[in-house]
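After this come two complexes, each holding chain A, first together with chain B and then together with chain C.
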Partner chain A sequence: MTDLAPAATETVAPAIPAPRGSAGSAWLKWLARRIGLAILTLWLCSVLVFFATAALGDPVRAILGKDYASSPERAAALAAALHLDQPVIVRYFAWLGGLLTGNLGTSIANGLPVGELVGPRIVNSAVLVLSAAIVMIPLAFGIAMISAHYRGDRPDDVIQVVMITLAGLPEFVVGILLVALFSTTVFHVLPAVTIAGGGAPPWSNPASMILPVATLVIAVTPYVSRIVRSSLLEVLDSDYVELARLKGVPERVVMRKHALLNAIVPGIQVIALQLAWLAGGVVIVEYLFFYPGIGALLVDSVRNSDFPMVQVLAMVIAAVYVGVNLIADILSILFTPRARTAISS
Partner chain B sequence: MRQVDPWRPSRRDILKLGMAAGVAGLAGCSAVPAKPDQNAPQLRGGSYSHGSTGGGLKDTLEPYFPVTNPDIARCLQLYEPLLRWNAEYKIEPSVAESVMPNRDNTQWLVRLRDGVEFHHGKTLTPADVMFSLAKVTDPKKPGSGGTELAKFLDLKNSKIVNQNTIVLQLSAPYAVLDQLLAEYTVGILPTDFDVSHPVGTGPFTYQRFVPGQLSQFNRFDNYWDGPAFLDELIIYDFADDAAKVNALLAGQVQSIDNLPSYVVNTIDQQGASPLISDTGAWVPFTMRVDVAPFSDVRVRQALRLIVDRQQMIDQALNGFGILGNDLYSPFDPVFASDLPQRVQDIDQAKSLLAQAGQSDLDVELVTSTAVGAGAVESANLFVQQAKLAGVNVRLNKADPNVFYGDRYLSWDFAQDFWNTRNYLPQVAASSVKGATYNETHFEDPKFTALIDLAKREPDANKRKELLHAAQVIEFNTGGFIVWGFKRQLDAYSNLVQGLQPHRYLPCSNFGFKRASFVAPPT
Partner chain C sequence: MSVVSLANLRRIGSQPRLATGLVITLLIALVAIFGPLFAPYGENEIVGRPYTREGSWLGTDYLGHDVWSRVLYGGLAILIIAVLATALGMALGIIIGVVAAYWGGWLDEAIMRLNDVALAFPQILLVLLVLTAVDQPAWWMIVLLVGASHAPRVARLARGVALGLVSRDYVAAAEALGESRLRVILAEVLPNMSAPLLAEAGLRLTYSIGLVAGIGFLGFATNPSAADWGVMIYENRLALLVQPWAMLAPVIIIGVFTIGTNLMADGIARLTGRGD
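Our next item is the complex of A and B:
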C-alpha cells in the first residue's frame, strides 16, 4: 500500500500568482508551466532510470551470469548490441532519442521489439486500472457520504471497522480469499484466473475480470473513503454548512451540493496516487490472477537483466505517476474556487 | 528424531493457498467431480489447457536450447528424438526402430521407422537425422543435448547406408550412445527447419506462441504412434503457484506441473488428483575433495554419517522423496543397490573426526533458494544434525547471482541440483576430470580408469561389474552427500484421464498425447 494517504489532504496544488491578464491566458500559462514541470520530472526520471540500469556495473556480466566466462563470443555480441563501446553520455542520448521517436529497442531476453512486448501489456494494465477506478470512485464516495451522515452512530462505527480491517489486509490475501470463496473452494461460479481462450486479451472473458477488479477495489476503497469521509466531516462542521442548514436547506442537498463538492479535492488527490500505484505496483495481484499486466512483465525483465525492457517499463510507470498527478492537480484547481480565481485574477 | 507429519501445512502455507484447508468443510455445498476411471475407453476431442510452472520472456521454441520449464513441455509436443525414455526410465524406440552398437561401441547402426511424417507433410529420411545431429553438435553453438555428443560423434565419417539406415561413427568408444540419443534435446528436425514455423514429428503441431504467456498446438493427425485424443492443447506459463493451483481447481486448466507439496491433500478433496512419480532427481551437498578439511576422506565420511536422511526427506521434501545412499542414478540397471544403506551414526562420525584431528570442526555451507525446492531446508537440517556430532556449520544463504556467480563450482561446501540421469552420462557431467559441473573436484585415477573401461565394454554384464566397482569408490570416498531423490508432484483435473506417473519429466513426461477428457456422465 502507499503510505501517501495522510499527505494527500495537503497536496492541493498551490495557486500560482499570475500577472493580471485575461483569465484564459493566465490559465494557459499555468497549464504550460505545470506541463513543463511534468516534462522536467520525466526527464530527471529518464536520467535516473538509464544510469541506474545501464551505466552501473557491467550489464553484459549481469545478463550472462555464469556463462560470461565460458562464452566470450556471446559477451562480445551483447556488448555490441548494447553499444557498450560508446561513451555513456552518447548511449544515453541515443536511448532518449529512441524513446521520444518511438524506437524502443529490442528485448535482450528474446530479441523481439520492446514496443511489441510492452504495448499489449500497457493496454491490459490500463483496462484493469480503469475498471477498478470506475467501480471504486462512486463506491468510495458513497461509503464516505453514508459514514459522514451517520457520524459517530452505529452505521458509521460498523463502516469504519470494516474499512480499517480491509485496509489492513494485504491485497493478495484479499485476492486469495475471493478466489477460495467464488472459484475453488466454496462456490465454483467465477473463473480463478484471467485465461481467455487462445491468448485473447483478458477482458474478452469479462467474468474473469471480476475477481481481479474486485480485489483492487477492496484494496483501494478504504483509503479513499476514509480520506473523503474526514474531509466531509470537516466541511460539515464549517460555518457555511451550518448557515445552509439554518436556512432550511434539506440535509440531503447540504450533503450533495455544499459538502461533497468541497470535500472532493482531497479525494481526487488520493485517488490519483492510488491509481498510479495500481498501474505498476500490483505485481502480486497480477501473478495471483495470471493477469498479463506491466507489473509482472517488469519483474520478469528485471530477473532476466533485460535492460531495454526495464528502462521502458520504468519510464512508462513514471509517466503514469506524473500524468495522473498532473490531471489530479488540474481537477483540484477546477474544484477549488479560491485557487481558480487566484490563477485567473 | 522429531516426528513431523509431512501432510501438515505450515501457517504460511495455509495463508498462501487461500485458507483452502480451513474452508474445505464448507465445500460440501458444491459438487466436485469424482476420480476418473483410468481404464475407461478414451474419448476423442476437446481443447485441453496445461498450466506450466515458470517461463517468461526468455521462452523459446528453439528445439535444442530449451531454457524454461514450459520450453521443455513444448519440445516434447513438437519434436521427437530417435529413441525415448518410457515411464520406467528405460529406453524405447521412437522415430528410430533400433540403434545398435558394433562390438567395441565405436559404430552405431541407426534404423529409421518407415513412414514417419513431419508436420508439414515431408517424410523422415536419414538426411534429416544427419542434419539434426550436425545442428545439435554445431561446434559454434552446441545445443544442451549436443555438448556431450560432440565430444565423440564423428559425423564426417558417419554414412547414410540406404533410405532408412545410418551408421554413426564415433571417435572414441561410447557404450551408452543410445542414452544420449533419447534426450528430448536431440529431437529430429527436417532439413528445411525454420524456428518461426517450427516443425517436427511430435504428436502436436505448432499454432501460436506468446513468450511468457502461452503456446497453442493442434493434434497431428498423421502422427506415427497413433494420433492424440485432444483436438487442441494450450500450455500456459504460470509464475505463481497459487494462481496455478487455483486455475486447476476452478477448472480453467486440466493439469499443472510441479504441484506444491503442501496442497497435495487439499486438492484431492476439490476435484483434482495429484500425480506422484518417483524420479532420480537429487539435491546433494557437495564437498570439494581437494580442499581442507574435506580433502581428508575421514571428514567426508563423517559428514555423510551425520545426515539423518529420513528426516531430510520428511521435512525438506514434505515426505515426497526416496532414501539416498550417497550414490546417484537409481534407475540405471547398473545402480549399486546392494551397498548397505548409510544411516545416521553420530558415534562413528565423532570417532572419524577425532582420527582426522577435526573434533571441533567448523565449516561454512553455501546454499541458495536458486538451487530449488528442498535445498535451503535440507541445509538448515544439516546445521542442526551436525551439532549432534559437535560440528559447527555456518550457513551462508547466497543470492542466486552470487551462488551461480564466479565461485559456482568452486565453493568448498555447497549444494547443487541434478535431474534424473543414468550413471555414465551423470559421471561425464559431474564426476571426472574435465566434467562441466564437477563441483566436488573428484578425479580419482582408479575411478576414471574404470569409467573409461566401461565406456568401451560391449558386454552389459561386464560393464555392470566395472561400474559397480566405480560406485564402491564413490560410496567410500566421494564428495557428494546424496540424502534422497525427489518425488515429482503434478496434478490433473478429475475431468481428464490418461496421465500416468513417469520417472523422467513432469506431468507424465508432458505426455498430453495420452490425455483425454472423461466421458460426460450418462
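Our next item is the complex of A and C:
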C-alpha cells in the first residue's frame, strides 16, 4: 500500500530555468535553489507537526486519561510543566529553537531525554529500510525486465496479475500472512518477532530480520517494477532501439545496454519515493514484528500521548522524505545529460 | 461518464480484471452490510472459553466471542468509514487541484508548495499525529483524518488533469461568453476529468480500507466493544499459535477486499486508457 507518484519528475522540470553564467555557477545556483526549497518545506512541516499535535486536542486530558477528572491538581501541574499557560505561538518557537539547537525535550512517558531514546531507534530503522531497499531494487528491475521482454505474452500477464494483487494488500496483511506461513501456523522456520536481548541491535540475529524485510519488499516491489517496466517499454519502442535491432544487436544486449540504462532515471525517482514511503511504512511493520525502530516507538508514544517524542519522530520521518527526494532530484540531473546541458547552457 | 450504463456493462465484461474486482468488492461489501443478519451469535455474546474451537466453525476469540459472528459484524464500520473518507479526500483534492490549475500564478504556486509539505508525511503518520492529542477517537475523526490525508495526493493528480483541460478551446470559448469561473469549472472542466478521477477514487478506496483497518490494528479503536476487522487483529494478536483463525479470519477478509478494490481501480484505469 504505497503511493504511486507519476508527477515525481515535475520537481525537476520547473527547476531548470537555464540561467546565464558559467556551467559551474549555474549548477550551484540550481543546487542552492533546490536546497532552499527543501529547507522551506521542512520548516512548514515543523509548523504542521507542532499544531497538529499541540493545538488540536487537549494534551493534558490525553496524557492523564481517566485521571483527568479525578485529580484537577495533577492536571494543573501538568499544564504548567508543558507551559500551556503561554500562547501557542510562543510555545512553537520555543520548541523550534530547541529542535534546531539539539535540545529535543524530555519524554513524558519516562522522563528521559528524547534525543537519547531516538538515536539508536533511528539506526535500527535505517538498517531495516536499507536492507529492504537492497533486496527490492534488483528484484524490481529483474521482474520489470522479464515482464517487458515478454510484453503482452503469458509471463507478462501472470507477473502483472500477481503484482496488482500484491499492490493492493496493506502491509499488516502481508506481514501477518508471512508470520502465519513461516513461523507459527504452517511452518516453524523463521522467528515471528524481533527480540534482541540486553539492548543488542536487532540485526545481531539476522534470521529475525527476514520477515520484516520481506514484508517491506513485498509492499514496495510492485510499484517500482511497474514504473520500470513502462519506462523499459517506452525505450524499447524508440527509434534508436529499432536501429540497434536492425543492425543485428541481440535482444539481450538491447535490453541490457539500451533499455535498462535509460530506465534508470525514472527508476531513481520511483525508488526515492518508495524509500521515503518506507520511512512511514515501517510504522506498521515494526509494530507487527516488535522491531525496535522509530515506527514502533511512534505507535507507543502516540498511545501514551508522549508529545515531545511524537513531534521529534514525525520530524525525523518528514526529514527523511525531504532528504531522499532532494538526493533523487540531484541524481536525476546528474544522470540525464539533457537536463545537465539545460542547466549549464 | 456513467459507469453503470448498459453499453458500459459490456465494456466492463471485456475487462476481466475490472469484472473480477467489481465482483469481489461487491461480495465483501454485501458481507459487511448484511453479515449481522446471518451471524449465528451476538456481537458480544460469550459462547465458550477464549481461544478454543467452541462456537461456530472459526472458534472463539480472546474473550470467548464467536469469531465468525464478529467477522460478520465487523465490516460495516470499516466500509462506511473508508467510503466516506475516500469521498471526502476526493472532493477536497479535486477542489484544491482544480482551483490551483484554473487560477494559476502565485495561488497555484502557493497551493502546490503547501501540498508538498503535506506529501512529506506518510498518510498513517498524519493520522497518528492528531490521535496523539485525542483520548478516545470518534469514528468521524477517522473519516476526517484519512480523508484529509488523501487530499494532497488527489490534488496533485487533479491539478495535472485540469491543467491539460484549462487551455482547451471550449474553456476559452466559455470564458469569452462571459461565464463565471465557478460555472466554467462545474460545466466545462469537471465533467471532462471524470475518467482519470474514477480510477483514482478506486485506488484511494483501497488505501482507505488499508488505513482504517491499520489504525484499528495499531489498537486505536473508535468503539472498544464493537466488532471491527482491524481491531480484531489487534485484540487477537497473541492467538496465532493457539487459535490462528481469530487473527487470520479478519486479515484474510481485509486482504480480499483490498485486492478487489485494487483490481477494480486498475481495470477502470485500463478501460479509460490511463493505465498501461
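Simple rule for what comes next: the second predicted complex is superposed on the first by the 325 of 345 C-alpha atoms of A that agree within 3 Å, B and C clash if a C-alpha of one lies under 4 Å from a C-alpha of the other, contacts with A are read in each partner's own complex, and residues count from 1 in each chain.
Basically, contacts are C-beta pairs under 8 Å (C-beta built on N, C-alpha and C of every residue); 3 or more make two chains touch, one makes a residue touch a chain.
As the structure is a computational prediction, the values presented were derived from the model and not from experiment.
Because the two structures share chain A, they can be overlaid on it, and in that overlay chain B clashes with chain C.
In the superposed model, A:233 lies in contact with chain C only, and not with chain B. When the two structures are aligned on the shared chain, A:297 is found in touch with chain B, with no touch to chain C.
Of the two partner chains placed by the overlay, only chain C lies in contact with A:164; chain B stays clear of it.
Of the two partner chains, chain C is the only one touched by A:310; chain B is not. Within the superposed three-chain model, A:192 lies in touch with chain B and with chain C [touch as defined at top]. Contacts of A:155 after superposition: neither chain B nor chain C is touched. In the superposition on chain A, A:318 makes contact with chain C only, not with chain B.
When the two complexes are overlaid on their common chain A, residue A:117 makes contact with chain B while staying clear of chain C. In the superposition on chain A, contact is made by A:48 with chain C only, not with chain B. In the superposed three-chain model, the partner touching more residues of chain A is C, compared with the other of chain B and chain C. Only one of the stretches 2-10, 20-28, 56-64 or 146-154 belonging to chain C has C-alpha atoms clashing with chain B in the superposition, and it is 56-64.
Residues common to the contacts of chain A with chain B and with chain C across the two structures: 62, 65, 173, 176-177, 179-180, 184-185, 192, 287-288, 299, 301, 303, 306. Residues 17, 113-114, 116-126, 128-135, 153, 156-157, 160, 203, 206-207, 209-211, 213-214, 217-220, 233, 240-241, 244, 247-248, 251-252, 254-255, 258-263, 266, 276 of chain C are the ones touching chain A in the complex. Per the touch definition, chain A reaches chain B in the complex via residues 62, 65-66, 69, 107, 109-110, 112, 117, 173, 176-177, 179-181, 183-188, 190-193, 195, 197-199, 287-290, 292, 296-297, 299-301, 303-304, 306, 309. Of all residues in chain A, those touching chain C in their complex are 1, 3-5, 7, 40-42, 44-45, 48-49, 52-54, 56-59, 61-62, 65, 161, 164-165, 167-173, 176-177, 179-180, 184-185, 192, 226, 229-230, 233, 277, 279-281, 283-284, 287-288, 298-299, 301-303, 305-307, 310, 314, 317-318, 321-322. Chain B makes touch with chain A in their complex at residues 15-20, 23-24, 26-27, 29-30, 47, 49, 56-60, 208, 210-214, 216, 234, 236, 238-240, 242-243, 245-247, 249-253, 270, 401, 404-406, 408.
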